[in-house]
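In this document, chain identifiers A, B, C, D and E correspond to the written order of the chains, with residue numbering beginning at 1 in each.
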Amino acid sequence: MLLARVIGNVVATQKNQRYEGSRIMLCRQITPEGEDMDYTCLALDSVDSGEGDIVIIAQEGWSASTAATGKPGAAIDSAIVGVVDRVDLIS
Amino acid sequence: MLLARVIGNVVATQKNQRYEGSRIMLCRQITPEGEDMDYTCLALDSVDSGEGDIVIIAQEGWSASTAATGKPGAAIDSAIVGVVDRVDLIS
Amino acid sequence: MLLARVIGNVVATQKNQRYEGSRIMLCRQITPEGEDMDYTCLALDSVDSGEGDIVIIAQEGWSASTAATGKPGAAIDSAIVGVVDRVDLIS
Amino acid sequence: MLLARVIGNVVATQKNQRYEGSRIMLCRQITPEGEDMDYTCLALDSVDSGEGDIVIIAQEGWSASTAATGKPGAAIDSAIVGVVDRVDLIS
Amino acid sequence: MLLARVIGNVVATQKNQRYEGSRIMLCRQITPEGEDMDYTCLALDSVDSGEGDIVIIAQEGWSASTAATGKPGAAIDSAIVGVVDRVDLIS
């Protein structure tokens, strides 16, 4: 899983039926220290995350579909599976 | 999933039978701000997308096959699963 | 899926039984304009492709195994699933 | 699988139910010689690893879910599956 | 699949039970011409490969688990599935 910050969302009227009723969040990966990285991706929200939140993203079809819709086999490869309260680094 | 723009398509007569009747679109990844990136890929259309459209691509065999053909196990790892109307970034 | 050119093949006597009778092709990724890229990979042929051909490669275990052997669960993560006749780019 | 060092952990109250009772470790990939690399990821612990340990991480939904929870289909794409005692390089 | 050279192995006493009795090989990716690349990974041996061998590595959970243990669902994402005798490049 990767650490990311929610930086926006995407609106798509014409889409796969499995996406109905779900929010497609735009996320940017961050370092453990919280700095922005180049990598961005789209992920379905499954934990009621909001814009600006630091989140955990799972990226694999079976896992992400199950997290986001409760069923495997949906057309989903990335889901937000947690909202991060705190990152503890070894000092 | 990733954000991309449809930049063309590929014609292949000699191909896996699961591709029959499907359009193989050539797509270029874009940044959230809409700028071209280096990464390009081929993706089966599953939402009647057209050239020039900004699209959402799912990249994983189980998910992409299900989206593009209604069944898992097809020889497909990337499918266009949505056409983007609008990207909303946190200002 | 990715666009690639077949640049050779690999001979391996000591191998997983699922590879028996299949050709293991060495492929180099190309840009939509046909230029060589750095990325190379091995892919099982499933569409009678030949050296020098521009091909479509699917990269995911379930999809690639099904394409190359007709069954999932083979020890295969990449298969050639089409031979490209023509790439049409938006002008 | 990849070699990594456990460098911390992440606390998330609001998360997918499959993560309940599991520790989410923050890991940094290392070279075979033990030097830090840029890549970091989050992985569920499945072998009672501790901070500072050199570990083996498996990264794929089916495998990682099975390792971390005993069942496939969990919202997990990376799990710590071993604690490394020794790396032997050909001299 | 990718071309690699076996450069060592890893000893781990505390590990997932599916790894019992298997050798965890440390591998470095090579170019088609045989030159070392930066990428290294850990892969379970399934074809009795030895250190210094040029090998074929399959990287995907379902495929790699099946190759290495005969069953899917093991905590394995990479397996050595062949020992290369010869690489034939188009001249």
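The rule is simple: contacts are C-beta pairs under 8 Å (C-beta built on N, C-alpha and C of every residue); 3 or more make two chains touch, one makes a residue touch a chain.
Predicted model, so just to flag it, every value in this text is computed and none were measured.
*Asks:* Give the chains in contact with both chain B and chain C, ordered by label.
*Replies:* Joint contacts: the list comes back empty.
*Asks:* Chain B and chain E share one sequence, so how far apart are they rotationally when you fit their Cα atoms? Give it in degrees, rounded to a multiple of 5.
*Replies:* 145
*Asks:* Counting only Cα atoms for the centres, state how far chain A is from chain D in Å.
*Replies:* So the centre of chain A lies 19 Å away from the centre of chain D.
*Asks:* Starting from the mean Cα coordinates of chain A and chain C, work out the distance between those two points in Å.
*Replies:* The computed centroid separation for chain A versus chain C comes out at 31 Å.
*Asks:* Note the residues in chain C that touch 2 or more other chains, in rising order.
*Replies:* In chain C, the residues touching two or more other chains are 60-62, 64, 72.
*Asks:* Taking chains as nodes and touches as edges, what kind of graph is this: line, ring, star, complete or other?
*Replies:* Looks like a ring, each chain touching just two neighbours.
*Asks:* Following the ring of touching chains from chain A through chain B, in what sequence do all chains appear?
*Replies:* Listed round the ring from chain A, with chain B adjacent next, the chains are A, B, C, E, D.
*Asks:* Quick one: in the complex, what on chain B touches chain C?
*Replies:* 7-16, 18-19, 24, 26, 28, 40-43, 51-52, 60-62, 64-65, 72-78
*Asks:* Applying the document's contact rule, which stretches of chain B touch chain A when the two form their complex?
*Replies:* 1-3, 31-32, 46-49, 56, 58-64, 66-67, 72, 79, 81-90
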